[in-house]
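Multiple structures are listed underneath, in structure tokens.
You will see two complexes here that share chain A, one where it goes with chain B and one where it goes with chain C.
The block that comes next holds the complex of A and B.
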């Protein structure tokens, strides 16, 4: 499933990198026609979920009440339902695409911002700004979080470059260790400043606080997702190394910097506004690559659609099983995500025999 | 050669420890004989029964409610956790008092070093009971959320017995009972109420029988909804939930303030189009409760009185 182990993949042309993957993905791919039609079908499914999401909630908002022009229903619809659904879609898309970009840059299928220290660094940033400047504005928190996230991610990529063997398992392991070190520092400072529980409530992704006027920052990550789509091929190339990239006429440092900024900004904005949603950037790109293969340009829209749908579904579950109360979406995504992740791992082993 | 040396050391150590053991035994026997009068009281508490010396000299408490009660009874307390003390207990924040850890994590070294005669704990450090008991007599004065007043009175009575201040405690309890009756009368006409805690921009609701259930269970404010939140944690709710339940009174506890983070204030979290449409907002019946007093201190003689006063002012 991952790119071949040899460092130089040879003759492939830039837009088609990495070369079509081996083993199980090939047989599986047949079942999914990779046409625009099936993507439209996927988008339609997400749309259905989005509509369902807009009619689930404590207040009485139903199609008849909206059609009848009930002012209270319309108010709840615009103030609470639409913003929540939009923020779920934006966050789901962006985190999944950020995961894909991370995987391209590290050339490894088992990394995502939550497993290489990006999210951990972002939360350290929020903690630092909270302690040093209590009452700091959203923008202030966000920019500090972004700076920290970028520093953490850059550190990971630096370590990766110095790693003698970039074996499939070593890379995520290094990421998890780095993330562990950073979150240990964060936990220590949170403990010393009595903010452990607050840290917890930031970190668990939760859309329950989303209302009009309180989610708009997430539009930034929507824009970043589009930029990520446009630049997707470049990240693949950059993942092949500095020399290879330069050979193809691209500025290696600039591409890496762009990827770094996109991933860090997405992680930071999402953590600041809704908290962290684990596993998402790992599972979604992997499932998509199982379904449609590794052509990056084609995969990005799928990753975005699938990510949005997955988070929507998880949030709907979290909102319904303990109705009228909620279970944070982060908890649901972790539960379902870990099962899917195990499936991915075991499936790979079975394919190897 | 080596072997003989080793065995000699072993024998020597064994002999020494034997001596030490017998000396210990002799000492305890002696104290027991020398003290015929009852200087101990037997205290039943949440985690068992403990023999506690009457008027213990050095007292450490993790429970700020107990601290509040002891302060009200003019009892000297020597060790407190490092916390954001409310104004009423602000003197304990200084260096005059041994800091025995945080609200949740005991600093075992500091406690051992201080050699207290009594340690009082409650929910947040209840799990450390065994370990603390090894250092000094430890009692767990957790207040039972299911029946807070009875359990508060029992805890107060216990402290009264330990410090020989039973009369003063009873007097203060009677005064509190009177205020509660007044508030109950006011609550009967005040309509429904909902208790919400905000933390990091998110909200949790608490119902009767919860840690903030005193508002419904004791003070008689009609709950706007049945919220089955047993224990310490409420149910995660949205602004929509509050708007739909439409309480006549909203009681808000800003957890971020209680832990010293002046982030997004509760007022800002609640100031939205949905909550502003509720009866509570329209009639100016949103009461921001003192977070330190409700979240950190809880059931103490002075504090319960001010908690009741806050609710009373809120609904009348």
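The block that comes next holds the complex of A and C.
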């Protein structure tokens, strides 16, 4: 049934990663030759990881068997391996860029969709739609999750505006607490409706269930990532405040709305398709900014490449560390991510003296 | 039932003007009576059938709730005293998560069967020693280091908690599925299936650190004035902070071992106790916090069990209310 469609996403996809990055590299080649070169190198590394990721797994898919034209191997390759690798790349890129946008909008380096309640709101949305409309379609689930995610993020931005003192560290604190309150509500209703286990399996990011036909929504987040790249400068401006933005001739509300929609959509789609991957949107932009500075336009391709590579690496670790069992990528990322986040926090303290 | 849920309303009504007109003694007596009444109701409500079976079970449940209320209330207030703030609590700083991680690591290293066959007091002592050692090293480093920004501390604490949980779940995935079940039993114990023997060891541990705290009682009020003041007034600050952190670690370990992690419970009772208390002497704040804890746990459990007919969701409700209280404290700028 879906057999004819099979090769379509497949062959088109491996080259799909490079375009945003290479095109960025091309336009910037004259001004930042070294950055462009290293960006290409980074993309190459991601490509190597992606290839490696396609040959790891319980069922035997090896280069010789593919070359020999083993039909079973090819089928596993197209139905499971390629979609999985693609969804990892798409989710990794998109979540990292969403984190960057969130940081620009809140003008704070320590926030990301997972620490301001966006992801928690999205899962509350999924829970609501699952309880009220058990047979809801994927699109229905996703749009409800997006609405909830947008509402939760907007709530956070509202609270942020009313904060008596806008300390760098209090912003993520408020976000984490807001997320905690929202997920308490979610847990409460999940507990009453016996969906706690289902909920937990949503919340832990896991690519093991990704098959052809179950990941295609993630292409939406790929598109959103490109839009995010094109609009990156606007978010920087909007982060400076409404007056400043208007002075520069931008419509503040429209820019904030665009950011809200991008971040919420990305979070919702990723949560619906693979679950939440904590800290990703936080550490990737921060590490990139440590490496190449704060020029946002320049940072976005880096963030995307780095995000994809990081999730790929974590997924490979998760698949090999306890072979043949698999550890969800969310678990690996949260262990590594929290250590990196602590490093970022405490490094700042050391620098301050 | 009127007593069962005083937290939110009291919190709101006394937001700007703490109830300073009433002396702490009044609150201690009133709350004491309320707590006793709730315990009595809890023991006797819908009492029928085999009393020899029901009463001991209920007694264990109530005793564990009282013990947890005591451990959480005292550890939170003392922790807030030595860190000189009203918002850090041991559980927000990741103590509970650390305990869970240590237990997971223990099962990971020596195996679930070995842990099960170990005699319980030995196991409990090993866990307590590990907990005290680790939290001691970690948090002393954190609290005595430079750059004392409270917000940084809070954030670092929350992330430490996340990190411990992350490592716990990683280790839990790495150990054998059958051993994982053993582990799960260790953590998700609620008030409904507290082990009588464990309750006994916990009570002993709590009694021991309470003696320790009692011997330090004169210095707590001084410690609350801040490091410089305390040193000026002749308190060995480093030693006092060290002992207090040990007390807190043991109390957290006890309450986590009994009922699992409860993140915001301590924050809730401590904040409310400060609101009710006209002065901040520990002789008044500590008993009020403990009594409030008993009322919240026993009353909350009673309401959830009898009115809403579900039992283990109490920690979720506490998490919700506590999270909102925390947000209010943050937004009001109580964090200095």
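By definition in this document, the second predicted complex is superposed on the first by the 319 of 353 C-alpha atoms of A that agree within 3 Å, B and C clash if a C-alpha of one lies under 4 Å from a C-alpha of the other, contacts with A are read in each partner's own complex, and residues count from 1 in each chain.
In this text, a contact is a pair of C-beta atoms (placed from the backbone, for glycine too) under 8 Å apart; a residue touches a chain by one contact, two chains touch by 3 or more.
Because the structure is predicted, anything quoted here is derived from the model rather than measured.
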After the overlay on chain A, what do you see for chain B versus chain C, clash or fit? clash
In the overlay, answer first, second, both or neither for which of chain B and chain C A:342 touches. second
Contacts for A:227 in the overlay, against chain B (first) and chain C (second): which applies, first, second, both or neither? neither
Quick one: is A:58 in contact with chain B, with chain C, with both, or with neither? Answer first, second, both or neither. first
Thinking of the overlay built on chain A, is A:194 touched by chain B (first), by chain C (second), by both, or by neither? first
Examine A:185 and indicate which partner it touches, taking first as chain B and second as chain C; both and neither are also allowed. second
Counting only touches as set out at the top, which of chain B and chain C does A:39 meet: first, second, both, neither? neither
Which partner does A:327 contact after superposing on A: first (chain B), second (chain C), both, neither? both
In the combined picture, which part of chain B sits where chain C already is, 9-17, 81-89 or 135-143? 135-143
Would you please give the residues of chain A that touch chain B in one complex and also touch chain C in the other complex? 191, 322, 325, 327-328
So in the complex, which bits of chain A are touching chain C? 110, 159, 162-165, 167-170, 172-174, 176-178, 180-181, 184-185, 187-188, 191-192, 278, 321-322, 325, 327-328, 331-332, 334-335, 337-339, 341-342, 345-346, 348-350, 352-353
In their shared complex, chain A is touched by residues of chain C numbered 145-147, 149, 151-152, 154-156, 158-160, 162-163, 165-167, 169-170, 173-174, 263, 310, 313, 316-317, 319-320, 323-324, 326-327, 330-333, 335
Considering the complex alone, what residue numbers of chain A touch chain B? 57-60, 72, 75-76, 79-80, 130, 134-135, 191, 193-198, 201-202, 206, 208-209, 211-214, 322, 324-328
Can you name the residues of chain B that touch chain A in the complex? 83-84, 102-105, 199-203, 205, 235-241, 243-244, 255-256, 259-263, 269, 272-274, 277
